[in-house]
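For clarity, chains are labelled A, B, C, D and E in written order, and residue numbers in each chain start from 1.
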Amino acid sequence: MQTIFSIAVDALAYGMVLFVISIGLSVTMGLMRVVNLAHGAFAMIGGYIASYAAHDLGLGYAVAVVAAVVATIIIAIPLERFLYRQIYGAPELTQVLMTIGITFCVIGIANYAMGPTLKTIPLAAALQGSADLGFRTIPVHRLFVILCGLVVAVSLWFAIDRTSFGVKLRASVDDAAMAAALGVRTEIIYAVSFAVAVGLAAFGGVVGAELLPVEPYYALRYMVTFLVVVSVGGAGSIPGALIACLLLGAIDTTGRYLMPEFGEFFFYLAVIAIICIFPRGLAGRAK
Amino acid sequence: MSPVFEVANLRKAFGGLAVTNDVSLAMAPGDRVALIGPNGAGKTTFVNLVTGNLSPDSGEVRLGGETVTAVNAIGRVKRGLVRSFQVTRLFQDMTPAEHVGLAILQRNGKTRKMFGNFLSMPDVMAEIDDLLGKLGLTPLMNRKVSEIAYGQQRLLELAVALALKPKVLLLDEPAAGVPQSDTGRIEQALADLPGDLAVLMIEHDMDLVFRFAKRVIVLAAGAIIFDGLPADVTRNARVREAYLGNYANASHIA
Amino acid sequence: MALVMNKENEGLPHRRGFVSRDLAGIMVIIAVAAVGYFAFPDNLALLTRMITIALLVLSLDLVTGYCGVATLGHAALFGSGAYAAGILSAHYGVNDPLLMLLAGIAGGAASGLLSGAIILRAHGLPQLVLSIALIHLFHEFANKASSWTGGSDGLSGIAPDPIFGLFEFDLYGQTAFFFGTALLLVVFALLRLLVRSPFGMLCRGIRQDPLRIRAMGGSPKAALIRMYVISGAVAGVGGALNAISTQVVGLDSLSFTQSAEALVMLVLGGTGSLFGALSGTIIFMLFEDYVSAANPFHWLTMVGALLIAVVLFAPKGLYGTAAALIVRRREQR
Amino acid sequence: DTIKVGVIGPFSGPFALQGKNFKAGIDAYMAVNGSKVGNDTVEIVYRDVPQADPAQSKALAQELIVKEKVQYLAGFYFTPDAMAVTPILKQGNVPMVVMNAATSAIVTKSPLVVRTSFTTWQTSTPIAKVAFDAGVKKVISVVSDYGPGIDAENAFKTGFEKAGGQVVEAIRMPLATNDFSPIMQRIKDSGAEGVFAFLPSGPTTLGFVKAYNENGLKAAGIKFFAPGDLTRESDLPALGDAALGIQTTFHYAVSHDSPENKAFVAAATKAIGNKAELSFPAVSAYDGMYVIYKMIEATGGKQDAEKAVDAVKGLAWVSPRGPVSIDPESRHITQNIYLREVAKTDDGTYINKEVKTFEKQGDPGLAAAK
Amino acid sequence: MPAISLEVDNLSAGYGPTRVLESISFSVPAGARLAVLGRNGMGKTTLLATLAGQTRRYHGHIRLGDLDVTAASSAARAHKGLGYVPQTRCIFPTLTVEENLFVGLKARPKTVLEEAYVMFPRLKERRRNLGNQLSGGEQQMLSTARTILGRPSVLLLDEPLEGLAPVICEELMAAFAELAKSGDMTILLVEQRIQSALDFADQVVILERGRLAWAGTPTDLSKDHEAVETFLGVGGLH
């Protein structure tokens, strides 16, 4: 019994980490319809900046997180302006090509600038150590990530479903030309959404770094994971992404506990089963 | 004559909205029926149910006496039930010639052939030429669909349906977006259809409806409220109120 | 004055154009192979490798370019072919290259059937993810079945006999190169016929609007699965050639990386055209080979820059954009 | 004349750090010993195989032999890459010096293969004795599910059971595991007193070690044993305090205390640029170059693979890692394996501190395969 | 002489390399109702799309009131008072009816959605449905309502009657006439039902192969049988 609880806690924590790291991709991919394989690259940039701020500049954890998010967005602005703007509405494969190209460049540059070794982000004192849940202990940091995940989920859902910005964003994505003809300044909408997505990527990269450590190949290593959880949830759906992360987190965790040697099989079989049953993802809407 | 096409007690609801509410009708070979009704009455839905693109909540569809309710859309096409789409659905980077060619090959069961080409099949080419010529599309036959105007795409939509040589043809607003100058071509094409073909046409252009139809069915809120001769429909008060408006007053009916 | 109606008297399309392009295509392949042979006589192994990958990319083009199936798992077909050919030789001692080739084709086609049956259950992004899941399963399976596949150490002990008992697969790679070129020519010629056959046209239609095809009485699913099997056979030819020419099969041949790389090459050249697939492969691999030899530590950055540049300046892929330019030139005359 | 040596390794991609170490070791050797052997000048030609890719490895090897006319092949980080090249050595008349690939069987694939690195069997066997001597009788083995991991599992199990201990469970987990919490739960539930782990050096080791601490295994007194891949020097700064006290056995620690090693580290640091990036592949490359130089000497610069290999059979010298020799039978390196413990030095850096030496260890893996 | 609200000067435009419109010039006074006629594929849609800023322009000028909007983006033109109802309707498929309308509001308060519902009660019934679940006619209503909600001063209508029931067509044409009169709205109407168009308009232009082939009043046109025959291909009007 205790073991079951224990696994459940691990599953929840892992699912939430997945959620925080990949939700930004759900925004770019589901809402802006850009298959942004460079999502991990932005997460990684965030991680590097936070690591640099905390290690080399000696800033506190909170400051480092904010600095990482802000700086990553600043780095992303010219990329949006000159590269991403060219591929909005382009065929998926073109987007894949461009964003893989960006990823490669970011990896190369990170490797050159930061070296090939692992980078860590020292946690704030309050997030270190473990909390006692009664039947087991759990790293405080994981609780923090769970909280972050919930906050991000609720605020994103609100922004997209309930605000006029959200409506305009979805309209621009459905038919940019028509939205513009109705007076929606699509470039601004896109730029802001992109900034949000990149900010979320950076945030996820930083708070998830305990599990997915920052190194130059981060961007490629976890690309598939991000892509999978977002699509299983149904790209663009915040609740869908949340459910998918929790579900896949649970399957992965239990699978790894019960039969670690078949861990991959469980995970990917589950992915195939879910998509065969829900061909548009768990919460995907018809196009 | 026994009906080639029959629907019995068809029902379909989306959420709480009954879009098709106990519809039954039958068509004999050679029928020319117009299905009219207010926007959102359920006409397109009816076509989707009949063709198997949607599955009904209850009811039956019969083709040539055989119940096809359980047959999928493809099977129904193969049994001679063909439709056109209200919003054109064409292959953007293929040419009209290829569209019609593909339809003919599909009809002949030749699309499994992995060698050869329709350009080398004189019979197919002749048929393409003939069909596109009738609809005035010959000059455009080798242009990509994405480059031809919407009205011409509508004509091509019809050409594709005709190329399948159906027994029952369902046309969803074939003339919408086609200018008056060209509706003539559509009418001519319809007039040239084999006499034993049953045609059901949805259309909001009443001039065309009255020139074409030998029988008019009016659908409102998912139910048939009128089924009879064109001459009678303009006199039906319910139809006038729900659908025709002042059209009935004008002396359009020749 | 280029008003659109000025083409009114255009007659029926002509076949001559196609046939002459086929011949041209074959001539081009032969010419490129000859240039490769004489320019890099000491580097035939690399050229052979290019041919194997070209077969994979061609096979990918069949489903992605012609049928619109998004897949990042196509190496499953390639790898299955490679393992089928390799296992035949390493475990059963059947070393005839032609038999190994047949095994590769069968293996590729079988896994094409399996992949197709699964991948075709979704569209767009979920489809892409299905393919990713599938390639991971294949990879994991091959890793687990190490008594057959050698696992992560690779399947070694493949020893193909000389072709027709005459031409040995030697260190200089001549035999492998000519064998590969011959295979590529045959495959290319067959595919040219295929893509504009009635079946090929049906597939193009399916790519654009499967629902329309259904309304015409065609079954997209059945057609796509057939195409997947054909594609598997082509990838299997590539896989078998890989096993025969390198005499090892590694897990990488059924990896996500290999699949993704193939897709990148295809899009780089231009989807939906056999020449696009070929040129994408050649350009990417030459670029990779050249840059990684010149500066291994930074080649990734440069490849990235190449991909970005292609999207910016040749959005239809290198071949696709060039072809479009030529067509436009011709039209303006 | 110029004698070319072709080196194949991962110089880009996720394993670029390993390739960088190859290059650092080679550069260091040539900086110390010059690039001349007799009248011949040694020239290195690098070829990049970013990830395990035997087909590419073979194509490049062929190119090196046919086009670049190299007389020696060296490098090979991954086993399949090395395996792929063995069939052409004879025809190419080229010896191959393996500078990393750690599966025992490689040397059996061709008589022209010499290995100056280690095998996973070699480094994982002694730790079994360490564990048993530390009073641990029940151990759970946790390894990455691929060739080297399975080798490690078998090596440990064989050694530990021979010593009288019991491996209560053997878990293989996928290489791409991000979250190790469930594994830690398994370890706890198994009732083992110690855990033997093999993960290839790199990012995942960090998560594993952290999970070991954070899930309370360390606190519960479950001891941790591993071969040295898990505490590669370049990963240590990231592992930080979490790794303190972890015991590993390995053939080389950058902190090894000997004049040979001091000289090597100085030269290799200069070559690699940043001492923190230096780790085990560098020393294998350094020694590999030693072997190649010896071969060149023995053949007088002429291309004669057989003679070259014969010349180094039984060769013994003092490497930066300690005294080593080439076993004439297997052509694999016989060397000391050290028990090390992760420690923090006065200047705040982390090292693998050698605490015990197992002398003259051969490769038990080959024997096990028979 | 009323102020000019839309002026087109020597405009050429098309798609990529294909030029469709050739040197078109005309001007429309404020409050006018201009019918744009022409056979299939003659460039009517292209003309409206170019005015709305959606196709490639090669040269020429477009003025909206006193402003030169030639270089302005589509969105900027919308904010300057241009409203466009495209022929293909362009409903946002994943937005609900209400959200679709909302996009057209520009800065107006949400409460004015009622205006649209008064004009098309059908939309109110379906307001929670997604755009792609609507019937063809409902989509047409939504497209028109959405643009009108933005209170444009110049309204471009591309075949707004297509797919609508006759009774709705009548109501809609009456509503357009009302808007033009009371709302000081200038309307450009492309319509295949020539009679409806002529009943509505006070000016007519005819496009023939991308050029302006004829201009005048509806009365002129009904007298000019030759023009009707050659440009519209219909044998006389009734």
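We adopt the following convention: a residue touches a chain if its C-beta (ideal position, glycine included) is under 8 Å from a C-beta of that chain, and two chains touch if they have at least 3 such contacts.
What you are looking at is a predicted structure, and each value in this text was computed from that prediction instead of being measured.
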| item | value |
| --- | --- |
| Joint neighbours of chain B and chain A, given as chain labels | C, E |
| Chain pair with the higher count of C-beta pairs in contact (A-E, B-C) | B-C |
| Centre-of-Cα separation between chain C and chain A, whole angstrom | 32 |
| CA centroid of chain B to CA centroid of chain E, Å | 29 |
| Interchain centroid distance [CA atoms averaged], chain B/chain D, Å | 73 |
| Chain centre separation (chain C, chain D; CA means) in Å | 37 |
| Per-residue multi-chain contacts in chain C, two or more chains | 4-5, 140, 144, 297-298, 300 |
| Per-residue multi-chain contacts in chain B, two or more chains | 147 |
| Chain A: positions in contact with at least two other chains | 111, 261, 264 |
| Of chain C, residues touching chain D in the complex | 40, 42-46, 48-49, 52, 140, 143-144, 146, 150-154, 156, 159, 170-173, 242, 246-253, 257, 292-293, 296-300 |
| Chain B-facing residues of chain C, complex | 4-5, 7-10, 12-15, 18, 193-194, 196-202, 204-205, 208-209, 211-212, 214-219, 223, 226 |
| Contacting residues of chain A [partner chain D, same complex] | 3, 6-7, 10, 13-14, 17, 111, 115-120, 130, 136-137, 139, 210-213, 215-218, 220-222, 225, 252-254, 256-257, 260-261, 263-264 |
| Chain B to chain E touching residues, read off their complex | 14, 36-45, 86-87, 147-152, 173, 176-182, 204-206, 241-247 |
| Of all residues in chain A, those that touch chain E in their complex | 164, 167-168, 170-171, 174-175, 177-186, 285-287 |
